[in-house]
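Common to both upcoming complexes is chain A, partnered first by chain B, then by chain C.
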Partner chain A sequence: MAIYQDSIRVQDCFGTLHKRAGPSPPAVSFPVGRAAYSLGLTASNGVERQGLPERGNQGQRRQRRAVEPRTERMTVDQDWTAVYPTAASFKPNSVPLPVRMGYPVKRGVPPAKKGNLELIKIPNFLHLTPEAIKKHCEALKPFCTEWPAALDSDAKCEEHFPIQVESKAYVSAGPSLRNPNARIITLTVKLSSLNLDEHARKKLIRLSGERYNKDTDTLTITTDSCPMKQQNYDYAMYLLTVLYHESWKTEAWEKEKTRADMEEYVWEDSPSQKNILETLLRMRPLGEKEEEGEVREELLGRVEVQEYKDSVTKLKNEGETETNMQQYKEAVKKLLNI
Partner chain B sequence: FLHLRGHKTLRKHCTEKYHNITTWTSKLCLFFPISTQTCHTELHAGQYYTLPPAHMRTLFPHGLPPRFQMQMKTFNEACVMVRQPALELITCLRKADYSEPALRYVLYGEKGCGKTLSLCHVLHFCSTQGWLVLHIPDAHLWVKNCRELLPSSSRPGRFDQPIQALNWLKNFKTTNEHFLSKIKTTQRYVWTKRESTEEGRPLGELVDQGVSRVKSSSDVVGALLRELRLQAGGAAEGAFRLAVAVDGVNALWGKTTLKKEDKSEVLPEELTLIHNLRKMLRNDWCGGAILTTLSQTGSLFKPRSAYLPMELLGEEGFDNMDPFVPIPVSNYSDKEFESCYLYYLDRNWLQHPHSRTEDGKKELIFLSSRNPSILERLCAFL
Partner chain C sequence: LIFVSFQTVCRQLNSTLWLNVGGRSIHSSAVCCKNRAARIRVGKGDRPVTYEQALHPHQIAHRKGWLSQHTSNLQGEDGAADRTVEDLFIRRLIYGTFHGCLADELVIKRRGNLLVICALMLQKLPPHKYYFLVGYTEELLSHFYKCPVKMEIQMLEEKSVYKYL
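And now, the complex of A and B:
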């Protein structure tokens, strides 16, 4: 009985293989019932599950036959956009890359892609290759107008269109077409393109607070308080207008600005200036005919004092470094005749 | 004169035992006596010179760093390396015009670079030149850990620190014994109803008053500073030059950890000692120099990595000290490191056999990154 079963098994394998490949083999008669169950048995499965088909006959489980993965039939110059036309999860049999992902087993390597849940969980951008994006652009081109030929550099765009407004539109299939995130408007403008004097510029920066970026000199206004995009855009333009006009006005209480409020260090009327004037006056006491005001002016006009002033301003504004300290040292030495 | 102490035998000894050391040159590790100190120049940079013990006891009862004091005790001598920052200061002091307002010098640098020791070197130079040395060893000690804080008797808003003032007066007396009889007071000072110091009395009496009557010692310090300020560099026959040396000057403009009885913080201005010292550091007097060091080690509420003047002095401190000459003190250069290494070898301080090889020396350079204090601590283990 065992021998008979073995021979049936081999024949089963051959039977299935031949069925797929081409012309049918010389007919081997075996019981019909068996034929129905032997369809779709893979070569490996046949060895393991020898016992089961006999027992699981009642369940009539159909097992798929092994199919060669699609990657085997892919050529190098195939059209990838056909494989992944839309966003889809990672299919190991469709992606011809030997990707490994996950924590490696002990003294081993990260698990392969077949049956790898980690690769399926993460988002992938296989549907957004440059080819695919080119195709998207081509599809959108009929709906667009020509880019103006005169604006061929960033500088020209900046010059003619200093205010840049960004908004996002969302397209998705779902129960509703609307997306509340589409109402957000971001308005960016460079302060150098606005007509501001020193006082207005400082006031504008102070009023805008966190919205101003010192490194790139841009003011960014983001509005999302209104429900519609148009309303948010109007609000952003209104805010910009108000900031601009308010910064040009000078209030009565702005006269009370103290040294502590200043944005950067100013040497005039600072303790440093007083100290150096006192020291110099002590070194060269006032003559009889000289007036204090004139002497002050004369002292302040000296080259060494100007150098000293530069070095102190640099120290305070730019922070301390070895080079700044060296400069300060040289200036002091020259001033005090060391 | 350069007195080569057993130089030839030392060299032979070294070439026999430590044949790995090929950098032994005659320039390094020369010892010369104190009389040549006034002619320290750039040529002597990197070499060690010995301070006579008698000077050490009088001049530095309280000024030296504690590890250096231990080293002094171990080696039975005080050997200081001549380094560039100290040389720069000494040249400036020599060239300065003392009829003009006092110049301020600030030594700054990373932790353990040798600021305090450079200051002591310069003070030693000043004392050999006959100056009066006013040395505050560590201003941080006056703004923290004070057990007794008395409200001042003379001024209502201020606080006295009797113990600190007493200690300092005692040390000042030791340092400047010979000046105390020569200088006279210019004003009458009233301490209590029964005690006062008349005009024209020698300063020694003022100091004794402070030492004996502990309660008024802070005011005595104030009076002393005032007297010295008025009389330094005068045209009179008893004219002297004053060197004000403050170690850890950033304590004067920082915060204190002292608290009043109602648990509110004491500001530095409210302490008599600090207030008087601040007046001293202003450059409205002539005939001397103000030498200061910044120190992060004892400072309060300053991060470990801060060492630049503006970071440690703060806005207020910088505005008060301005204009000053900042003098950076850095780690040992190659030559200085060689010199220090050979000095330790010569003193048999490096016992470990591996430390005497070239490899050992490279290891020491790497481990200490040529920082003087770290090198000293490392060699103490070897």
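And now, the complex of A and C:
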């Protein structure tokens, strides 16, 4: 069986025979066949060895009579899911639509569906008609269970299932199923749903560092250090457990927490408190000798001092806003009787 | 002593000969800026070409689709080179197995693990030979690539001509 031949006899459409010398062209540009002649590149044995130019009979014997396409015998109300039960490429003899696809030749129309490679190239959804999807749903129903009726709102879901674990599965085209990114696990939990007191909460926030989001009060733990998803999930749960238990413990060195370490401003024992007490003491009329301790208690108990304390705490914790500054101004005016 | 010196002299002679004979220097010619990839140039108007051959590669994504579809060329996906090499191998294998029977380029689709090869064929062989060759390629390729391989072929009486160049 000769694969390549140096000279090929081609009968072109104008009816003249000419010999094209040189090696046969590469890839797909075959010399075109019409019914009346045959090529040197046929797979059958013995024909080319004769070397005769007229081999029309042999060519015609190999032609099969074209059977009418299936589309002719399709009724309008047929079951389309039987024609395209699964994803398959476009078959022009099975799709009874006069589809045309391609860029038209000048003063012509797009090429017809028969032998149209463009229609085969594109992915089609002929196997996913609404009928077909209904059938799929019916087939899947026996495997489904009802959603629990008690969980009818997001709040309830969060209340009963505070820890949310996210993982991604990847599907791609290729011989291998494995994707290393599928091992990553993200665990999110709201701190309000955990049983923490003030100290434990502050310590947990400090331990988690960047993983805590103040605005949404969520702790997010992402693990990808283990090779398997199950291992990463176990590690994330372990981290959460460790954080929780450690935050409840109080270490010996925690007593050395200074004012600079505090997360938020506390008015008691602050320079502001000292200053205001001194000012108020000085404002008292002279001559009244009372106990320091009692004076302090009395002063601190006054409403104006409480207001001043609130406004200063707000200013320091939340920053300077219009309302905060107004509040501070009012409090100071009241205190100093301006 | 004489033996050693003779050998060294021979070696030196050999080396000098090697340096002189077949002097390889760089030749350069003027650059031809024409692009000749996958193009059939316009000729007398007697050469029939298919849609695939008539549209040049810069028309891909404008007037032509892609002959091979897989997810590896998406952002963040691996395996593009492996899929390309597989495609090339498959095209050559089928060009040789169905020699003279192919009407147009192969279309290779991958649906997950499954490799689907869509081919347009001419009626060159009796049907039982086609069945055998299809089964043979499917079996062979599935053993090579360790994934299910399906061939979907469509028969044509003759190649569909788009225009004459």
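We take it that the second predicted complex is superposed on the first by the 186 of 338 C-alpha atoms of A that agree within 3 Å, B and C clash if a C-alpha of one lies under 4 Å from a C-alpha of the other, contacts with A are read in each partner's own complex, and residues count from 1 in each chain.
Quick note on the criterion: a contact is a pair of C-beta atoms (placed from the backbone, for glycine too) under 8 Å apart; a residue touches a chain by one contact, two chains touch by 3 or more.
This is a predicted model, so every value here is computed, not measured.
Undergrad: May I ask you to decide whether A:P92 touches chain B, chain C, both, or neither, giving the answer as first, second, both or neither?
TA: A:P92 contacts chain C only, not chain B.
Undergrad: In the overlay, answer first, second, both or neither for which of chain B and chain C A:L315 touches.
TA: The answer is first: A:L315 touches chain B but not chain C.
Undergrad: Once chain A of both complexes is superposed, is A:C157 in touch with chain B (first), chain C (second), both, or neither?
TA: So A:C157 meets neither chain B nor chain C here.
Undergrad: If we overlay the two complexes on their shared chain A, which of chain B and chain C does A:N275 touch? Say first, second, both or neither.
TA: It touches chain B, and chain C stays clear.
Undergrad: Can A:C137 be said to touch chain B (first), chain C (second), both, or neither?
TA: neither
Undergrad: Would you check which partner chain A:A173 touches, where first means chain B only, second means chain C only, and both and neither mean what they say?
TA: second
Undergrad: What is the contact status of A:K333 with respect to chain B (first) and chain C (second): first, second, both, or neither?
TA: Touch partner of A:K333: chain B, not chain C.
Undergrad: Contact-wise, after the overlay, does A:A66 reach chain B, chain C, both or neither (first, second, both, neither)?
TA: second
Undergrad: By residue count, is chain A touched more by chain B or by chain C?
TA: Of the two chains, more chain A residues are contacted by C.
Undergrad: Show which residues of chain B lie in contact with chain A when the two form their complex.
TA: Residue list for chain B touching chain A: 92, 95-97, 100-101, 103, 283-284, 286, 308-311, 319-320, 322-328.
Undergrad: Help me check something: in the complex, which residues belonging to chain C touch chain A?
TA: 40, 46-53, 55, 59, 63-67, 69-72, 77, 79, 82-83, 95-96, 99-105, 107, 109-113, 116, 118, 120, 122-127, 129, 145-147, 152, 154-164
Undergrad: Touching residues of chain A toward chain C in the complex: what are they?
TA: Contacts found on chain A: 3, 12-14, 27-30, 32-35, 39, 41-43, 62-64, 66, 87-89, 91-93, 102-103, 105, 111, 114-118, 120-123, 171-177.
Undergrad: Can you list the residues on chain A that touch chain B in the complex?
TA: Residue positions touching the partner: 270-272, 275-276, 278-279, 282-283, 308, 312, 315-316, 320, 322, 325, 328-329, 332-333, 335-338.
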